[in-house]
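Please find the structures below.
Okay, so chain A shows up in both of these, paired with chain B first and chain C after.
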Partner chain A sequence: MRPRRSWRAVLAIPVFAVIAILYAFPLYWLLVTSLKSKAELYQTTLTLFPEAPTFQPYVSVLVERGLWVLLRNSVVVCGLSVLVALVLGLLITYPITRLEVSPRVRVGILNWALSLRFLPPIAVVVPYFGVVRTLGLYDQPQALVLIYSLLNLPFTIWMLKGFLSEIPREIEEAAFTDGAGRWTAFRLVLLPLAWPGLFAAAVIVFTFTWSEFLFALILTSTPNAQTFPVGVQGLVTQFEVIWNDMAAAGTIALALPLVLMVLARRYVVAGLTFGVVREK
Partner chain B sequence: MRRAQWAPALVVAALLISACQPSTTGGGGAQKPAKLTIAAVQGNEDAALKAVAPLYEQKTGIKIEIVEFPYDQLFEKLVTTFKANSPTYDLVMMDDPWMPKFGTDESLQPLDSTYGIKRDSDIPDVVYDVGTWPPPRGPVPPKAKGKAAHLIGVTIVGNVEMFMYRSDMGPAPKTWDEVKANADKNKKANFWGYVVRGKATNPIVADFLPILWSFGGDVFDSNWNVTIDNAASLKAVKFLVQDLKAAAPPGSESIDAADRSRLMAIGQAYQSTVWPGEITEIVENSTVSQVKGKVSYIPMPAGPSGKGIGMMGNWLLGVPKASSNGQAAADFITWLTSSDTQKTYVDKGGIPARKSILNDASLNQKNPYFAALAKSLEAVPNWRPRTDQWNAVETILGTNLNAALAGLATPEDAVKKAADQIRTLMKGAGY
Partner chain C sequence: MANVTARPAPLSRAGAGRFTRQERLAYTMLAPVLGTILVIVTYPFLLAVLQSLQDSAGREFVGPSNYVNALANPLLYEALGATGTYAALVMPTEILLGLGLALLVHRTVRSSSVRALLFVLATIPLVLPPIAVGVIARLIYAPGYGVLNYLLIGAGIVRDEINWLGQPATAMPAVASVDVWQWTPFVYLVLFSGLLTVPREEIEAAQVDGASGWQQFWHIELNYLRPLLLLIVFFRLADVLRVFDHVFVLTGGGPGNTTQLLSLYLYRIEFKYFDSGQAAALAVLVLVGVSIAYSLVTRALPVERR
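For the complex of A and B:
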C-alpha cells in the first residue's frame, strides 16, 4: 500500500515550483539576454531562447568597452576592504570575547558598532567627499578601501563576535598551560578554529562591497579607481539602453559573489545565525 | 621561521596595495603631456570621438583617454570634479544647457583669450554663441551681467532637434496641425501616429520646447519673467498632452528616446521629434532597423506663430580651470574641429556642425539627415534659457508636464504649479 501524501505536501509542490520560477526566471532572462545580438533585441517578438547565441556582448563589455579594468579594480578594492575589515574586526572582537572586559564596555562597543551600521550612506557621502578631497585621495582606490572597510566593520565585529564566543576558552587556556603566549595561542589555536567564521565574514563583506555604487560613483572619476558597478550603469545611454551588454555585465557581476556564496554557504548560514542576533 | 609563516600573507597584501597605486601619466605644466583625459557622455555622441582619438596619438604622441559616463552622471561628475578643483580631466564634454552653470561658476578656461581659438566661417555663428559665456544674445543672468564674453566651449556634436516621419507613407508635415492630422490618419492597431517622448524632467522638456516655441510660448520672457502659464504656452501644453497623446502609444509618460527610436525602427510608429544620435544609432542602422530608407528628416514644423523652431542640443568640449594641460587640450580641440579631421569624424558616425560637410552631396547620401540639420542650423535654432538655474527649472517643468501627460493633473493646473515653483526658484536665485 502506497503511503498517502498529505494535502499539504501535494499543495506545496506547485507553490514551491511557482516560487522557484519567480526567483529563477530573472536570472534566466539575464543570461539569455546576454547571449542575444543587438539585431535580435530589435525584433518585434520576444524570444525565450536566443536564435543565434553569441558571446559578443561579453567581448563588448570586457574588451571593447574596457570594463575589465574596472572589474580588476573591483576585485582589488573588495579584496583589500575584506582584509582591512577582518584585521580591524579581530582587533576589536578579540578583547571583548577573550579578555576580562566589563560587560558595560563590551555592550558599549557592540552598540557603537551597530549604530554605525544604521548610518545611511547617503547621509555621509558629502562629508566623506570633503575628507577624501582634503586627503588627496579623490579618484584613488585607497579611498574606497578605507570607506568600505569602515562601513563593513560593524557587520564584521558582530559576526566575528559570534564565532569567537563559540570557541571554548578552555582550549586557549590549555595552550597557555603548554607555555604558549597570547599571540601564539591566538595564531596557532584560535585562528584555525575561527577560520570558518573568518571565511564566512570575508565572503559576506566581499559581497556587500562588490555591489556598492554610491561611494564608487562619487569618489572616483577615471578607470584608475572606478569599480565595475560604475561602468555597468554607463550602459544606459541617452538614446539607447544596451540591453545585451548590460545583461552580460550583470552576469559577470553576479558570477563571482555567486560562486563565493556557493562555496561558503554552510559557513555563511552559520555566521548569520551565531550570536549576530543575540548578545551573549 | 615565524616571519616566514607570515610571508605569503604579507606578499599578498603588498601585491594588493601596489595594484591600488595610481598609474603615472606624466605631463603637466607647459610640457607636452603623455596623456589627455576627457570626461565624455556615453553613447552615440562620443562614439566618433573615441574612433578618431587614436589618430591624434599617432600624430602627436599624446594618448587620449576617454572616461565615459551616462548623461545624468556626467553632469554630477563634472559638478563634483569642478567643486573639488581636481585636475582629473583635461577636457570635458558638456551638453549646451550646462554651459550657464559652468560659465557662472567659472569652472572653465577661456579658449579664445587664453589659447587663441577663433571662430571659423564654415561653422555657423550660433554654434560658437552657444559655447560663449555670458551669452551674446538673449537675457543674461544677474551674476553674469557686465562680464566680458569668452568662448568656453567648442561644439563637437552639432545636435539640433529635428522631426522624422515615414516618408514612404505620406508627405512631409509643414505645420504641427498637419502633424496631428497625419497622426490621426495613420494610427492603427500596433502602429502609432505619433510618439511622445514623455518621460519626466529632461526628456519631456526636450520634446516640448520646440512645440512651445512654435506655438509662440516660452518659459521666460527677455527679463526672466516666467511665461510658461500664458495663453500661448498653455495652448502648446494642451497640444502635447491632449492632441498628440491621443495618437501616441499608451504609457507615453514613461517613454524616453530609446523607446521612441525603437518604435520607429521596428516599424510601429509614424513620426516624432528626433535627435541626430537616434538616427545614426538606431533608425538608420541597418543591423537593427526595419525602416532604413523609409524615414525622412526635416526641420521642426511650423506652429500657429508661423515659425518652426528647432532646439539646440550641441555637445561641447571645454577645458576645466584645474587642468594643467590647457594648451595641449586646446590644441586637441583645434585638431578635432578642423575640416580634415571632421571628414574622418563624420565617417565614423560623428555629427558635424561644419556647413561644407553638412551640404556635401556624397555625405548627404550616407547621412540622410544632414540636409535637415544644415537647414535647422541655418534657421538659428533656439537654445534652452541661458540660466544657471536651468537644471532646476527643467526638473520642475518636466515633472509637471509629465503629470499632465499621465493624466494626474490638468494642463491648467500643471502650468500654474510649474510657473509658481519656477517663480519662487528664480526669485531665490536673485533673478
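For the complex of A and C:
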C-alpha cells in the first residue's frame, strides 16, 4: 500500500504545479498587460513584470473610449434579466413543486426546459433578429432583457425546482392551518426559506447574462444598448490593437463574475449540470 | 360530469370537479406564462420557416431554392468539417484530462479543505466570459505582443516567431486550446463529484483482493462515472455547436475558413453576405437537426426529471 501512494503523490506535485502555472499565468499576463503604459508596450523586448504600473489603460477604456456606458448597460440589462427570469421561474416552479399537478405536466415542463439548453443560439438569433427589427426593438436594451430572461429560464427552472422541492410541504401547511392564505404563506414562509436558492440562481443568471456576447453583438449597434462584451470585442478586432486597453477591458469583464462566483460557488456546477452534480 | 364542473367552486370538494382547487390554481399560474413563452419561442421559428421560403428581400416565394443553395454551398461542408475537427480536438482532450485530474486528486489529496479549495478554483474558469478568455488567448498567441513566442524563443525552443493564429496548421489547435483551458475544469468537477459517490467498502474490498489502481478504476469507479461521462458528452457537444465568442475575437473564422465553425458560418451568411433566405434555411436545418438528435438522446440523459 505505502509505496503505491507515495509514487502517486510524487507524480501529483509536478502535475499540480504545471496546472497552476497554466491557469495562473494567463490571468497574470492579462492583469499585468492592463497595468502597462503605452511606452512600455512599444519597447523592443517584452516585460514580464510591469516597470511602472499605471491605471491609465482603465481610464482610457472607461472614460476616453466611453465604455463605462456599456458597463452601465450591462449592469441594467443583467439586473432586469435576473428579475424577469426569477419571476417567470417562480411562476412556473411554484405550481409544479408546491401544488398538486399531474406528474405529466411537471415532467413535461422540466423536459421542455432541458431541451432548450441544447438549442444552438446562432440558429435562434437569425429568426430573432427579424422579429426584433420588425418590433422596433433593434438596438434597444428591452430586446436583450427579453431574450436573456428566456435564455436563462431553463437553468432558472431547474435550479428553483431543486431548491423549492427541498423545502418540506408541512412547513407551508402549518401556516395554512394558522389561517394564512397561499400568498401569505408564500411570502412569509416559503420565500424566506427559498431565499438562499433564489439568491444563488440570481447570481448565476447574472453571471451568464454578463458573459453573453452573440445576441448583444447582433441585436445592438450603438452605446444605447451595447453591452460590455461588445465593447471588449471592439477593442480586439479594431485595426491596430492597443494591448493594454484591450487587457484592461478584459480584466473588467472578468472581475465581476469572479466576485459573484465567490458568493454562489456552491451552486455553479449544480446549475451548469441541471442539478446532476451537487456539492457534498 | 359537465354539470359538476359548472357548479361554483367554493362548494366543490377536492376531486369533485375535473380539477381540484390546487390544480386549478396551478394551471391559472402556468397557462399564461407558458403560453406567452410558447408564442415567443415558436413565432420566430415560424417566421424563419417563412423567410427560408422567400427571396432575401422577403418579397417573393422561391420554394425550396434557399435550402438547395444552403446545402449546395461547399462552405457549409467546410464549416461542418471545422466543427467536427474542433469537437474531435476538444472533447477527448477535456474528458481525458478531466478524468485524469479527478482520479489524481481523489487518490492523492485527502485533506477536505484542499479538496474544497480545488473545487472553488475549478469553478472559476467556468464563469469567465468567453470574450474575456478570448482576450487572454489573444495576449498569448498574437504576433508581436503574444507572450508564448517570447517564452518559446527565450527558452531556445524555437528561433522565429510562430504566427499561431495566422496559419491553418496552428490556428485550429490554438482556438481549441482555449476551449480546453476553460472547460476541462467542468469535466473535472463533474467526475470528481462522481468519484465521491463510489462506496468506500467496494474500493476497500478490491484493495484487499490486491486490485491495482487501474483495475479499481476499470471495474468499480468507471461504473459510477459512466452516466456522468454521458452527461458530459451531451453537454459538451451542445456547447461545441454554440462556440462563437472566443473564435470570433481570435481568428474570426480564419485563416481562410479553417476555424469557421458552424456558428460563425451562419453568422457570416446572415450578417456579412446578407443572404437572409439562406441563413433562415440554415437556421431551420440546424434547429430541426438538433431537435432530432436531442429527441434521440434525451432518454439517455441522466438527469432527475421529477
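In the analysis below, the second predicted complex is superposed on the first by the 249 of 280 C-alpha atoms of A that agree within 3 Å, B and C clash if a C-alpha of one lies under 4 Å from a C-alpha of the other, contacts with A are read in each partner's own complex, and residues count from 1 in each chain.
Here, a contact is a pair of C-beta atoms (placed from the backbone, for glycine too) under 8 Å apart; a residue touches a chain by one contact, two chains touch by 3 or more.
This is a predicted model, so every value here is computed, not measured.
Student: More residues of chain A are touched by which chain, chain B or chain C?
Tutor: Partner with more touched residues of chain A: C.
Student: Determine, under the contact definition given at the top, whether A:Q238 touches first (chain B), second (chain C), both, or neither.
Tutor: In the superposed model, A:Q238 contacts chain B only, not chain C.
Student: So, A:T44: does it touch chain B (first), chain C (second), both, or neither?
Tutor: A:T44 contacts chain B only, not chain C.
Student: On the A-aligned overlay, A:A253 touches which partner chain: chain B = first, chain C = second, or both, or neither?
Tutor: second
Student: For A:I218 in the superposed arrangement: first (chain B), second (chain C), both or neither?
Tutor: both
Student: Check whether A:R133 is in contact with chain B, with chain C, with both or with neither, and answer first, second, both or neither.
Tutor: Once the two structures are laid over each other on A, A:R133 reaches chain B alone.
Student: Would you sort A:P154 into first (chain B), second (chain C), both or neither based on which partner it touches?
Tutor: neither
Student: Under the stated touch criterion, which partner chain does A:L83 make contact with: chain B (first), chain C (second), both, or neither?
Tutor: The first partner, chain B, only.
Student: A:P57 contacts which: chain B (first), chain C (second), both, neither?
Tutor: A:P57 sits against neither chain B nor chain C.
Student: Given the touch rule stated above, what does A:G197 touch, chain B (first), chain C (second), both, or neither?
Tutor: In the superposition, A:G197 contacts neither chain B nor chain C.
Student: Do any residues of chain A touch both chain B and chain C, and if so, which are they?
Tutor: 41, 129, 218, 233, 236-237, 241
Student: Residues of chain A touching chain B in their complex?
Tutor: The touching residues are 38-39, 41-44, 72, 76-77, 79-80, 83, 129, 133, 138-142, 145, 217-218, 221-226, 233-241.
Student: Can you check the complex and tell me which residues of chain C touch chain A?
Tutor: It is residues 20, 22-23, 25-27, 29-30, 33-34, 37, 40-41, 43-45, 47-48, 51, 101, 104-105, 107-109, 119-121, 123-132, 134-140, 142, 145, 147, 150, 181, 186, 189-190, 193-194, 196, 207, 213, 228, 231, 234-235, 238, 241-242, 244-245, 248-249, 252, 262-263, 266-267, 270-271, 276, 279-280, 282-283, 286-287, 290-291, 294, 298, 301-306 of chain C that touch chain A.
Student: Which bits of chain B are touching chain A when the two form their complex?
Tutor: 13, 16-17, 19-20, 22-23, 37, 39, 41-45, 65, 67-71, 73, 76-77, 80-81, 84, 86, 88-89, 257-258, 261-262, 265-268, 275, 277-278, 281-282, 287-290
Student: Spell out the part of chain A that touches chain C in their complex, as residue ranges.
Tutor: Touch residues, chain A against chain C: 1, 4-5, 8-9, 11-12, 15, 19, 22-23, 26-27, 29-30, 33, 41, 46, 48, 88, 91-92, 94-96, 99-103, 105-107, 109-111, 114-124, 126-131, 146, 150, 153, 182, 207, 210-211, 213-214, 218, 229, 232-233, 236-237, 241, 243, 246-247, 249-251, 253-254, 257-258, 260-262, 265, 268-269, 272-280.
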